[in-house]
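The chains carry the letters A, B, C and D, assigned in the order they are written, with residues numbered from 1 in each.
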């Protein structure tokens, strides 16, 4: 589960990691409903935020940053992060500038649940710092660079020497000599090195405490004057398998880009939203992904990726409901299961069709344990089951393209 | 022969009295698996399919004396899997298979680290397990489906479940059969990786070639390419890798199947394998015919 | 640092380990001063304790246990733990019986800072459970037995099979399979096994949290009826080297058996109180222990064991003050130091003599780095330094026996 | 020859710029020790007694290239010792000496466990260190006191500091000298134990016999007896063990020196050693003469 920037920064604060002073201004609530009061109320909240930050700063603020809160890379390039200044030539004050910038950001057509209004940090350098896992070495991995603020993968590809790596034994955890050693290997001066070591120690504690897949600070600001380290951004991804022991991270509408994706997440059904014409309702991650490929190879396009195998193999009705929320032309069902018994899945599909009366054709390719039973159930319901995946895909693509009529 | 498990492997089942544990124990025994003991805390003295149940792995091993188990099959929920793996490792069991889907990531890391530190192999989680058709099964395979689980001389390693049935059916269609099929699992941190089984397949006189069923994300396929390039694996190898058209940055399918940057793309994997001399299929249906080009005689 | 029983039970409670309902009744304060009000007030506090426990029990209490709180093994045998009943034949009620028992315990002549008045537990079995370290295997060690309530060392010597041992990797910590496995290996029934595993998990967490050398519950009560596990006693020893990070465990007068021992502890000077005639003021643990042996071999007796080597080698005056608090006849100084320079120690001894004007003879055997300087300093001060340890010991023993006069 | 350290051992000093670190570095160099680098975070570029200082052990090792250190001497406060030991271990240094007095018990355990897991030897804490007189010193010995630190052919292992000076003086008085003296330290969990050095003394052609200076508590002396009984150590061995008259249950001296029950008494230790064929002295003054009975010629 990806946390949004402001949620990540809340976690940073709880771990003692410095973040810039900020106020969150909501556009919609976590459950997806618009925050009360419309545009006027939003402007009032923005003005309040600026006033509070100004008061907190105990002096006039020269500039602020307005940051759209949504799960998306490249927010800066997309114009979703804007630096505003009081004296930016138009004569307007800081608060008006914030309101104007907010308007521009919200007008870009993204689904943005909130804006983060943040103090601009006076900095002399930007670092990169992240912690993740190495599946091969079976350890935790710290990556750090003096060249923060850029895309780390681009940097890794182009100038791998600019990134330093540190492996941490998962049983012993990070040690002082490691954080210190990394700081000096980055060539930081003594004070900055100390602050860096302290920051990394805290970030590591957070990483393990919240069962994160990834914690990333990009950039870490090194402030002007006495060098302090402040988290300029926050990327925190919680391991989904650990969420059962982290009730502090509920599944919220705002983390998803569609209602269907959100509802699927509540059900524990893997789901991805696309804008094609074929709804996939397949069992098994590998098989579903392969069907996704095959649809594309055959010139079709996918409306949604959906797995209803594994523990969800008896959720055919819920899965079909999610598919029907899309404007797809066809539902393509492909399975080859073990515990996910073919007859149970077929039964589920047939019941779902009876209940939901789908308005679009359904292609089935259901195999595996007790597939003979499945065949009988499907045929009795008037369906014509298929047994070759590629043929099923080709049929679905043709149906979606309207070149073949079939129910 | 075969690798990892055969009819001589003595298997202990952890979580044997549970619904899945007892169901699949029955099937494993039908498959030929020597299940010698089961473990469920608090149920010592019971039996499942004639197999005696003990409170703990250590107690089962002590009771079995010199005929102690050398492999453990876990039917244990994901949040208790790390504990069960540690328990098996602590009893010096060096081959462990866990099907659990949903092991917390940090515990996946610890499982692999602990196993490696004592030279053991954990297969899984999030897998169907390991099967040497006709000999032994540690897992949950529909071995009764003849068009997939036919005994033969092709080793298979896979990150997926259903997709493997799909691919294996294509191999069998070409007249091949399976020596050992190992599902390394779809987790980001599988207990044992593709390349770590290659030496065993290389040595196995009854394996003529290997098929790997990979997917986007991670570096397991690249490690196989490296092993071939370095001459550590010399038999014919065909790979099918799912997720070629998957969008970047989205987690599609297994938790391990995610591409960030250029690392882990199917393209990069396919290139590495092709360069190493392996054949890479674009579609499952090509796997069997490609294999046939390298192994002309039916085996 | 040994914690007293009631302090150990406080720690158990904080760790979620069940302990019997109890009230602490103070005889003296932690700093050693008598608690206000004398015997009458003590009786009132005892009566209050009984009343509170009765109220808490929500029903008539049949019996209570009165337990002296002091650092001493074999309290039961010494009559320092007494079970009192309401209907014990004398016709007195429970409160009077508690007051009577308290009086008997306090009359035995021990230094007892407090009494613990505890509900008697209706039990069907007593277990033993402890966690300590194994220096050779470099791991944590759990010991457990069905035969609790007896001296574990006697049991270990006589019936080692009655004790089960479990090794715990210090990096991974205790695992569920281990606590469970130990419970079943002890032959406990399912419910008791579960409670035992839970108890051990909590005790292990406490062991590592407080940096304990030893945590021991002997006995663990298995209650009648639905079997619950309750800590009958509590032995917790905190590692002295870790006390710097455990400010919750201050050094208190009540933990020591003499004022000198307490004062020495505050200074960080290793000190043990005995009742012989020779005060040892030696440097180096091994050497001081050997001098202790040699004094005994020569027929002498030790008044106190005191080390002033290592980081305390410039504390000669403080060390001599502690020695002078004893009714010893001689002070014997033996050193053979490295960083603890001989001349610095000699200087310290000479200054201490000048300041404190000791009323008893002093024998010195000061060697090591710059011993020539030490020799000069001692001779200038009128002392006659010796250089053979055994000769120095023999002289001290003679002086203490009054068979040789010398200053 | 000698064991653990000699004039060819390349030594790195952690905490070299501190008061103790710089003082004893001077003396170690005077003793012949090859001190090739020092470490103090934040002080890279400085020198101490001509020895270059680095921010970290890894940086020092990288800078030294193929002449990297093979031993580390720690002058680091007890609460930072575990970290410093880990740092040295992580840089593949297999011989580590720490004099720190006051390492938390649970960290003593971790230090020993970590060292053992990579086959390294940590000497200490709470020790004067290791000295091969005339060749090399890793520690804080008053080697200038000629009546103690005379080079020779007797190996010494000890749990004490001052007592060792006392005992060694008695050995030298009998015309012997010291090949290597190892202070394993007075902590409850010394990094390396008496018996774990015996194989090296056994192999060392320049060691004719070994003296151990033990004390009450623990089982280190019993382990030595076991090694002799099992034939793993065959040279003459004399033991002096302090604390014979110490009262039971009181912690006298070192934290490791405490007797509970019948385990760890000097009597039990002396019996075990005597039974194994070693000589046990009651008083320090007997050690030299006892040794002489087994090694008649002056060496």
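General observations
In this text, contacts are C-beta pairs under 8 Å (C-beta built on N, C-alpha and C of every residue); 3 or more make two chains touch, one makes a residue touch a chain.
Bear in mind the structure is a predicted one, so any value in this text is a computation, not a measurement.
Common neighbours of chain A and chain C under the contact rule above are B, D. Between A-B and B-C, more C-beta contact pairs join the chains of A-B.
With centres defined as mean CA coordinates, chain D is found 49 Å away from chain B. For the pair chain C and chain D, the distance between mean C-alpha positions equals 30 Å. Inter-chain spacing, taken between the CA centroids of chain B and chain C, is 56 Å. Residues of chain D in contact with two or more other chains: 110. Across the assembly, chain C contributes 171-172 as residues in contact with two or more other chains.
The touch graph of these protein chains has some other shape, matching none of line, ring, star or complete.
Looking at which chains touch one another, you get A-B, A-C, A-D, B-C, C-D. Chain B makes touch with chain A in their complex at residues 20, 78-79, 101-106, 108-110, 112-113, 116, 128, 140-142, 144-145, 158-166, 169, 186, 188-190, 193, 213, 215-216, 218-219, 223, 242-246, 249-250, 252-257, 260-263, 282-285. The residues of chain A lying in touch with chain C in their complex are 171-172. Chain C makes touch with chain B in their complex at residues 172, 175-178, 180-181, 184-185, 190, 193.
Contact residues on chain A toward chain B in their complex (touch as defined above): 73, 133, 135-136, 138-140, 153-154, 156-157, 169-171, 208, 211, 213, 239-242, 244-245, 270, 272, 282-290, 292-294, 296-297, 305, 307, 309-311, 335-340, 367-369, 371, 389-390. Residues of chain D that touch chain A in their complex: 41-42, 44, 55-59, 80, 83-84, 86-87, 90, 110, 114.
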